[in-house]
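Both complexes shown next keep chain A, but they swap its partner, so chain B is in the first and chain C is in the second.
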Partner chain A sequence: MNSRVTDKLATVYFWVSGIAIIALLAAFLIRILGDGIPHLSWHFLFGRPEEIVAGGGVGPQLFNSFYILFLSLLISVPIGVGAGVYLAVYAQKSKFTDLVRISVEVLSSVPSIVFGLFGFLLFANLLGLKFSILGGAATLSLLNLPVLVRVTEEAIRTVPESYWEASLALGSTKWQAIRKVLIPAALPTLITGITLVAGRALGESAILIYTAGLSVSRFFPDFNPLKMGETLSVHLWYIQAESLVPDAKNIAQGSAALLLIVVLVFNLLVGIPSRILQKRLTGGK
Partner chain B sequence: MNSVADKLVNAKEKTRPLVTSWTRAQQRHDSLMRWVFVGSAALVSAIIFSIIVFVGMQGVKTFADVSPLEFFFSTDWTPTSNSFGALPFLYSTLLLTLLSVVLAVPLALSGALFMAKIAPKWMREILRPATDLFVGIPSVVYGLIGMTFIVPLLGRMTGGIGYGILPAAIILAVMIMPTILSISEDALRALPGRLEEASLALGATRWQTMWRVLLPAARPGILTGIILGMGRAIGETMAVFMVIGNSPQMPKSLLDSTTVLTTAIVKDMGNTNYGTTWNNALYLMALVLLVISLALILFIRIVAKRSELK
Partner chain C sequence: MAIKPKIKAEKLNLFYGDHHALHDIQLNIETNTIAALIGPSGCGKSTFLRTLNRMNDLIDNVRITGDVLVDGHNIYGGDSDVVSLRKRVGMVFQRPNPFPMSVYDNIAYGPRIHGTKKKAKLDEIVEHSLTQAALWDEVKDRLHKSALGLSGGQQQRLCIARLLAVEPDVLLMDEPTSALDPISTLKVEELTQTLKQQYTIIIVTHNMQQAARISDITSFFLNGYLVETDKTDKIFTNPNDQRTEDYITGRFG
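Here is the complex of A and B:
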């Protein structure tokens, strides 16, 4: 076999592996959506869950998922963006900057169950929040934080240096330049990043089992952040592992399809707001 | 003698910068916000330190009742009779991680080479969102696929129940493949073009160039990708929980029900009271996980430094 034949074979092999990756994803999507979509109904989406009999819905869980996501972003976006701005604008080569960078790296590699245990210790136990939506959201924001820092730093670094210099040359303070020049110019990239973070946080479950708990409030929708708040992905696990309802499999498949649809929507939406903003910022060009 | 120029020349004392209360307020805001930014950066560091301290303190309490020797080297985990041997969990975690990396690396590297060097633009535009979507799928959904599809399939093929390390490794391989792929692809793309050109100019085929020149040159980046993938595999909880069987024993085969560190924590956390030895042992496992992921990050930094020096 000469080298040219080997080369041809290798090319064929690489095409096959590339197509295999896409086929694998397609098989996953078809399987989950195919199994789950038949179970999606108005009652399933907004109905209350059942403990013992069949036919329960996931309404409160769906609501809690978004509520916890919203609260966690409320906590983590200001801190994450702040730290990102620090790294992009203020950071000089110093021990402190190195420490912050290593912290971000380590934080992003902490297994989510460890966040869960930490959240249980700090928020549920020490601060007395028990299993609650607030405790879950606070713990979840730890997971978001490192990604937000990285996204913000990268977004601000993509803004041309001349913007920053021009603003300072006009006599602005650094804060004015950050607020009125850097952040607006970096906003499209920033929003893309935050949407991706949100998609990831929505599917997270290990963190929330022992911080937000495994049951839902009797009222729906319940905005009280001190109530227990099981989310959709936790429910999907719980109903398979521990629940007594006879239609656990159907509920799990329906929830999986629902989760996947939400994640798909987030992934598809990623481009849209940034594109609209881009259009407005560049005057429609 | 009253021209504008004269006024400017004679008005030395009047050209001090105009400092109004508004300017002063802006400057105050500026220095305040500087501290806000420094503060949020410091907070990020404080968080990781407090995680290590909190989980560490709680975990180390285990050693008041259980000797380190027993915890790390005994295979007997029956907390109800005060036996806390975590060796099965450590062993299964290691085995599961290695197996999933071994399964994931070939496809991930092929995909990375394909995307970096062979695929036409339209193919790349399909593959990139596809790999992103792999990362976006929640881990419980992966677990459900493993439970409803892979486990029954393996069960039918071998005649057993199908739970164990093998289905978990297959699921994990799919989950970490995109991580390894995208980092390796970046590493391949970052190589200077002259390497490839020189190899092709010497008469090497594209395959020879990729295999003998590009892959070895991109080794540090690929290694980083693999280690990050390993980190994800070690820390993954829910998907593994749903397919590994969860018996606290040394696995006799790849299709024998067992438990890894993460799933041991999830399984027992709900049954134990805060402050008991059993509960503390779970924190000790979390500490082990934390130390492993710290070690992996340090290793990546060393690899990166080394390749910079060259």
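Here is the complex of A and C:
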């Protein structure tokens, strides 16, 4: 076999791999959205769930998904970004910082169900939060934290060293350089990272089964963070596994499609303003 | 000599870990002069330049002994404030390093971090600094577009303007034209001649013609030692040290 033939074969192979990925995603989307979208209606989106009879909605679950996501980011973003900046900017190379980095790596590979159990023991039992939105959000933050630390550290490291030097050479403090130069320059990467984390959080179920519970408040919408807060993805599991309603399959299909759409829309919604913000901060290019 | 030097290095030694990079540097630089630091790569001239605004502080494992006096005040003394030092002793780097912001925000960056908030005042500083750096006419119509869209030579003058906006006394220039084309280089060189009226300038350069063209005094560094400092004319026509002569006549380096 000469090299021209090998080259042709390789080209075909890479094309086929690429097409296979697209086909997989297409089949997946068609199946999930095709099955699910017919069940979507205003009543389904904003209605309350039923326990026995058919025709329940997922309004509170949808609300809880975003509420828990919001609270968990509120907890994890400041800590994660702070630790990431510390590692990227302040931490000198030492055994201690190496240990911090290894810990972050290990933590980010812990299975989420283990975090769930940990959150259950710590927040639900020990701190007495029981099954609650707050307990779920706090545990979810633990899952997100290591990823956020890494994303931030990498985002800051991609900012050229020369910006940092330039700022300090003008007599800025480190904090001024971080706030006015490093973070704005790292922002696009940072926001992409946070969006990925948020997307993962929106779809997370194992953790929340243990910590946020399988039921929703009697009121809707209920902002009380101490109430139980079943989310959409937990509901998807619950309805197929445990529920007594006769239309469980339909609700599961609808929920799955809705979850996909929500994650997609969420990513777009975060992506667009971040690009505008970036443009304003950098004066365009 | 009754005039107090603007900058005075006294028995300055610098170590990178175990490596002794600067040996007993002794140097006086007067106000409103241009001092050129020349020497082969790795001779310590850039390292010395960076001790003058304590940029070496950013590198791990650097140890410094001896004194550097700016206006008679030891910048390595315990009471010295590195932030206010860098405001007075500013630096232009080898590669132009504008921030990824608009031209206007680049210039206003320094004044803003030092507390100037008023738009009118900032406008005035931006125009004044860009004019001083001979860049105003080229950028006045695109002040609010990204500085990264400027040419390399314009970017370097922007960095000089950004520095002038914080009103330093001393400008440190670390091979400021090595990444620029000849025409941009000429513009920056001309600029140094006008800036000299108001500032003390210390410039590291690999280009000996440049040192001869623009500087008043020249210091020759070799292997971490300051071999000799003298009037630029003297260094380039009749140096005292054989090693200086060998270097400027191109026998090594």
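Definition applied: the second predicted complex is superposed on the first by the 265 of 285 C-alpha atoms of A that agree within 3 Å, B and C clash if a C-alpha of one lies under 4 Å from a C-alpha of the other, contacts with A are read in each partner's own complex, and residues count from 1 in each chain.
The rule is short, and it goes like this: contacts are C-beta pairs under 8 Å (C-beta built on N, C-alpha and C of every residue); 3 or more make two chains touch, one makes a residue touch a chain.
Note that the structure is a prediction, hence the values are computed from the model and not measured.
Visitor: Quick check on the superposition: with chain A as the shared anchor, is it clash or fit for chain B versus chain C?
Guide: Verdict on chain A: chain B and chain C fit.
Visitor: May I ask you to decide whether A:173 touches chain B, chain C, both, or neither, giving the answer as first, second, both or neither?
Guide: In the superposed model, A:173 contacts both chain B and chain C.
Visitor: For A:181, is the partner it touches chain B (first), chain C (second), both, or none of the two (neither)?
Guide: Touch partner of A:181: chain C, not chain B.
Visitor: Mind working out whether A:11 is in touch with chain B, chain C, both or neither, as first, second, both or neither?
Guide: First partner only, chain B.
Visitor: Once the shared chain is lined up, is A:160 touching chain B (first), chain C (second), both, or neither of them?
Guide: second
Visitor: Looking at chain A, does chain C or chain B touch more of its residues?
Guide: B
Visitor: With the two complexes overlaid on chain A, check the angle at chain A between chain B and chain C, Cα centres, nearest 10°.
Guide: Rounded to the nearest ten degrees, it is 90.
Visitor: Based on the superposed arrangement, let me know which partner A:205 touches: chain B (first), chain C (second), both, or neither?
Guide: Only chain B is touched by A:205; chain C is not.
Visitor: Taking the superposition as given, does A:93 touch the first partner, chain B, the second, chain C, both, or neither?
Guide: A:93 sits against chain C, while chain B stays out of touch.
Visitor: Taking the superposed arrangement, what is the smallest distance in Å from a C-alpha atom of chain B to one of chain C?
Guide: In this superposition, no C-alpha atom of chain B lies closer than 5 Å to one of chain C.
Visitor: Between chain B and chain C, which residues of chain A are contacted by each of them?
Guide: Chain A residues touching both partners: 173, 176.
Visitor: Using the touch definition from the top, list the residues of chain B that touch chain A in their complex.
Guide: Against chain A, chain B makes touches at 26-27, 29-30, 33-34, 36-45, 47-51, 54-55, 58, 107, 110-111, 113-115, 118-119, 123, 126-127, 129-141, 143-145, 147-149, 174, 177, 181, 205-208, 210-211, 228, 231, 234-238, 241-242, 262, 265-266, 269-270, 274, 282-283, 286, 289-290, 293-294, 296-297, 301.
Visitor: Inside the complex, what are the residues of chain A that reach chain B?
Guide: Residues 3-4, 6-7, 9-11, 13-15, 17-18, 20-22, 24-25, 28, 31-32, 35, 78-83, 85-87, 89-91, 96, 99-100, 102-107, 109-115, 117-118, 120-122, 125, 142, 145-146, 149, 173-176, 178, 196, 199-200, 202-206, 209-210, 233, 236-237, 240-241, 249, 252-253, 256, 259-260, 263-264, 266-267.
Visitor: So in the complex, the part of chain A that touches chain C is made up of which residues?
Guide: It is residues 92-93, 160, 162-163, 165-173, 176, 180-181, 184-185, 281-285 of chain A that touch chain C.
Visitor: Chain A touches which residues of chain C in the complex?
Guide: The touching residues are 53, 55, 58, 60, 83-87, 90-91, 93, 95, 97-105, 109-110, 112-114, 144-149, 159, 162-163, 166.
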